[in-house]
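What follows is a short report on a single structure.
Chain naming follows the written order as A, B, C and D, and within any one chain the residues start at number 1.
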């Protein structure tokens, strides 16, 4: 399964090794780990809860992975996203892409993160010294995802 | 030391963990592993020897890392490049970049790989069923590195 | 007709429930129609589901538009813009 | 003046040596001048170091140009385009 939602932590090194499976055609492995920080929007964060929409989240991530595989020449993709309670320095998400060449692996990995950030139903609630707050969506994430859209036709 | 040249293999998961050092300001970890494939330019590869220029290789990589840090808001960078004899599925190079945000970490990581491929004195010699051959430099690598150059001024 | 409605993340907290099974009129039902029906309850329903709010709706776990039809047995989820990763 | 010359990767094999210590005239020495001096040995030296070849030169472990000066005690390395990573 290229997509997993889980409460427990992941071992990024072991996941990468499993995805490569000693496949001698793999020349490039691009990966990304998203980590819980101790501050956001200028305020301290002591804890975080990640909520998802069971069923739809997996489907949405599957669709993003399929789109990445159709756009770039890559071999295998893994997305692991944690839900539940997390604290600063905890790992949140892992994306790994293997391929023959680095350019395609990098592009697919970054694309998956940008789409995940704007299209996968996952929500963060932060505990701060001033109380709990739901994280607001960022326009910078919309802009990052927008880069991957085909240019709109200007024909009448 | 952000740059290491070594004959022995590396543990990418352990290197990432060491670079993060549980720093609660790190929100993004982008990494890349280059791997020895069993074929190149259409021919089978049974073994590979990586040669470097002791002293200059480290300096060139240090310079690339410094340039990445000056261009993007990133925290820590690690480059490990192996030399000596390698066989298909062996890891060749590891680049890890930590930062607060993913866009900068991804860009710095890809930039370092593109510059390493064109500016760090390292050479591959492949063993094939037809004999040994030195790998030829690729124009696609020059083009990848060229993307990061500032546009040339067209002023007179 | 019977449908299932879900409220996720901040919407669940603001509306005070994770979801509900509803019996609504099948005639010309759409996402916009269901939203109007819920807003007519007044109070938090009216403010939280107000048209100006950045709100997302999924029908049967696929992203939907205001004009997306709602059919018997459908699962309709209301939630805020996503913030995972 | 004394200088140290290195031949790396395929150049080391084609020239049959990893490098050498040389005594050359100090007057107006440049990378291009040293290359011409070595090519004048003929044989492999002439073909391997020919102007058309994609060849890189470093002086004291920094990338150099044909016009880069060569000074006493310098380490000059000749090598092919790089292929690591």
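Here is the rule we go by: a residue touches a chain if its C-beta (ideal position, glycine included) is under 8 Å from a C-beta of that chain, and two chains touch if they have at least 3 such contacts.
Since this is a predicted model, take the numbers as computed values, not measurements.
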Residual chain groupings, excluding subunit B and keeping positions: A, C | D
| item | value |
| --- | --- |
| Furthest chain, CA centroid comparison against subunit B | C |
| Intercentroid distance (Cα basis), subunit C paired with subunit B, Å | 49 |
| Intercentroid distance (Cα basis), subunit B paired with subunit A, Å | 23 |
| Averaged-CA centre spacing for the pair subunit C and subunit A, given as whole angstrom | 26 |
| Residues of subunit B touching at least two other chains | 34, 102, 113 |
| Multi-partner residues of subunit C (at least 2 other chains) | 85 |
| Those chain pairs that satisfy the touch definition | A-B, A-C, B-D |
| List of subunit A residues in touch with subunit B within their complex | 11-14, 16, 20, 22-39, 88-89, 100, 102-103, 105-106, 109-110, 113, 144 |
| Residue ranges of subunit C touching subunit A (in the complex, touch as defined) | 6, 8-10, 54, 56, 58, 61-63, 77, 79-85 |
| For the subunit B and subunit D complex, residues of the former touching the latter | 34, 50-53, 55-56, 59, 81, 92-93, 113, 116-125, 134-138 |
